[in-house]
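A single structure is presented below for examination.
Chain nomenclature is as follows: A, B and C, assigned in order of appearance, with residue numbering initiated at 1 for each chain independently.
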């Protein structure tokens, strides 16, 4: 939130200043409406006209243009924007140790100051690192470990024994460490298999609202460092996800599947159990993976093919009814000539 | 819940009374079991025999028939039933100002009496309109605005700054205003893009249990008036939904997509990002939309086609294996004759 | 959690002891690392080498082999393992009556001791059977009934009037009894149909994290005894599920559908409304059911076919582009010869 100069922002993003570097900037703005203490951005050339008449004090862009604003020329506007936005809007972090009077904290919980615990949060015999924020109504079971600078949003639940690295973020209603879906058939019914393992979320993982990550039957369900998971995803027991992955909303991964580093799964992708996806696999939205994917690349479909083949196949389906008509007619003609 | 007469109910639903309009009715009942102070309904002719011997005091129906009950003849039985049911079972509404002793309400929160706040609810520096009900364990962040007669069910979470119109209903565990899934690649990893915008739910919106609606990156995610969203849906950042839409459970909409008025999305529909659906589009359950839909109409499939074409294509798929067999044989024969 | 002997465990699982039956066992272990008070298991022959040198005191297996551990030979290792694990890790159960000081319990709630109520739980005018555990932040509305030995995990919500049998488990964030998605069109907008029914979960049902089960419009939504439902599923109003079913994560079932006993639905399966699935139907992951399934068996696809036909059809799709090319060429040639 702290005011700074154009030159300081340019240094932050590794950009080059054109114009006045000493202008003071206090926040992000829209080029069409912003005042002189705001910085906006130009992502594509069609905004050049807007930039030409903007009242903003500064603008982030990839190529200089005519504007009254100070310019910061950068290689990647999106990356630079993220860094500037994080400067003015840093993630929540505890700076003062403050446990709300209505929070229920176990006498043997270990809170490394400063930690912020919100109203009605319930902390069992857990450990919470410095800088972490546990918001209203969140529940941390016994044996939970949070690293430094974690953020647990309202009404999220961490089952006993779950371990988080540093700077892990859980959004509202997320659940980590619920029982894996483990049953064995005995006769015509189901016998529960106790789920004795746990979950580890490594550093810088972010988990979306309502997402559920189950504990392992034995051992660990593990989410690799810097992997980001969107809302309403399900990660079943014993899954192991690599680092730097991104899973859009509604992804469902069945048990014991492993996913390599830097994989990107589109929204509502479903992945079967006991499968292996190597690193750098990208699966398009709403696709279904029912076999191992052992080559990096782009996949799509239900079940998945290589993306291009699927797109062409689906396009070709528009001819399918005509093809079938011809086939049916031909078959009829063949039968006639047989008779 | 208030007892009334057959004639008054007929006036409420714009129906015509046959028989005694002065009978007193105290609630809804099943024609097979109801007593004389209950009203039932006949939706299709096969219930005529039941109506003929019912003990209920009144019956809603589209065409009069022989029955000891007073009859209310209406154009649309479903609409009339909904109105009668709402008369006897109105939505929750605060009539007395009552903040439970265990609720945590910020000193600067603005509650316009009467408001009902349940046990353990947490209200930040927010504003809540008259008649609204905030149930147990719900969390309203700073800057949240609720209009009049809103209902927030237990353990729902509203992130800071989210704004609701009048008569908005959020079911249990719903999350509104969580961070959009915004990251940019920097090298091989992800840099978070702070999500600085907010969410607006206009008048008479209803949001199902566990549904998550993300705040915009900049600007607003907006749900139009009277749009109804079922359980476990995901609406990503910057989406704009029109008015009078209905989204069944499990719908997932990726970022920056806009949906026109009166659209109906079946259960588990997936819609890609940055797309436009015009007004009056209907998408069948479990379909996947990966392109703009710029004509009103019915669509279905993965990816969607016009509904009729998709149904015929899927039906035709039953012949596909025979077609392929013929193709493979033909190709084999061709090769032979080439050789 | 209680220490016991190899012989006692063998009796528990109906197994035959080879070696010392008097060894004392205190818990489950991994054969590679466990000490002499642990029992491990061998699921497949490749573990024979591990068993030959294990330090564990006992091992569960299907056929005896050479090992220093005492052996318990059983017909089904998975079933035996589940029973042994449940012995050492029984499900949560209240043994001492204990209501946390911060729980909010209605004066007329009926708790049959012993019941354990966690911090910040909110219990309306409900009834809770002996042995049940209601964890932190859970909310039980008025009229809720829990049988004996139920477990309600943190931040789960039971709407008023919902009834649970004995030994029902609800995981964190689950919602039972939310309004069904019932609206009728009146002109261009939606009129809410009040949802006056309720939900019954019969004995031994388990419900996953974040799963939502809606109350019926009138009457009951019902989940049969011993049916297990994974995370983030949606069961709409008026559905009736049989006994001994298993629904993997993300299953979505639209309104008024009935499912027979012992059905197994894979992850992310979608089922339309007003359908009937008979007993012993198995539907593969990510499949979509849009018609009645009136024969027991295995189904798969979008929409479903018999599983084998679908697998063969999807495999054949790899030839589709070549088939279409031939078709297009043929059509071109035909046109030429016509002209």
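To be clear about the criterion, contacts are C-beta pairs under 8 Å (C-beta built on N, C-alpha and C of every residue); 3 or more make two chains touch, one makes a residue touch a chain.
Note that the structure is predicted; figures quoted are calculated from it, not measured.
Homomeric contact chain A/chain B is classed as different-residue, with under half of its interface positions used by both copies. For the pair chain B and chain C, the CA-based superposition corresponds to a rotation of 120 degrees in steps of 5. Averaging Cα coordinates per chain places chain A and chain B 26 Å apart. Shared interface positions of chain B, defined as residues touching 2 or more other chains, are 102, 120, 137, 155, 173, 210, 232, 250, 268, 302, 317, 320, 323. Only residues 102, 104, 120, 122, 137, 139, 141, 155, 157, 159, 173, 175, 178-179, 181, 183-186, 188-194, 196, 210, 212, 214, 218, 232, 234, 236, 250, 252, 254, 268, 270, 272, 288, 290, 302-303, 305, 309, 312-313, 316-317, 319-320, 322-323, 326 of chain B touch chain A when the two sit together in their complex. Those residues of chain A whose C-beta lies close enough to touch chain B in the complex are 28, 30, 76, 78-79, 81-83, 85-86, 89, 91, 100, 102, 118-120, 135-137, 153-155, 171-173, 206, 208-210, 226, 228, 230-232, 243-244, 246, 248-250, 262, 267-268, 285-286, 302, 314, 317-318, 320-321, 323-324, 327-328.
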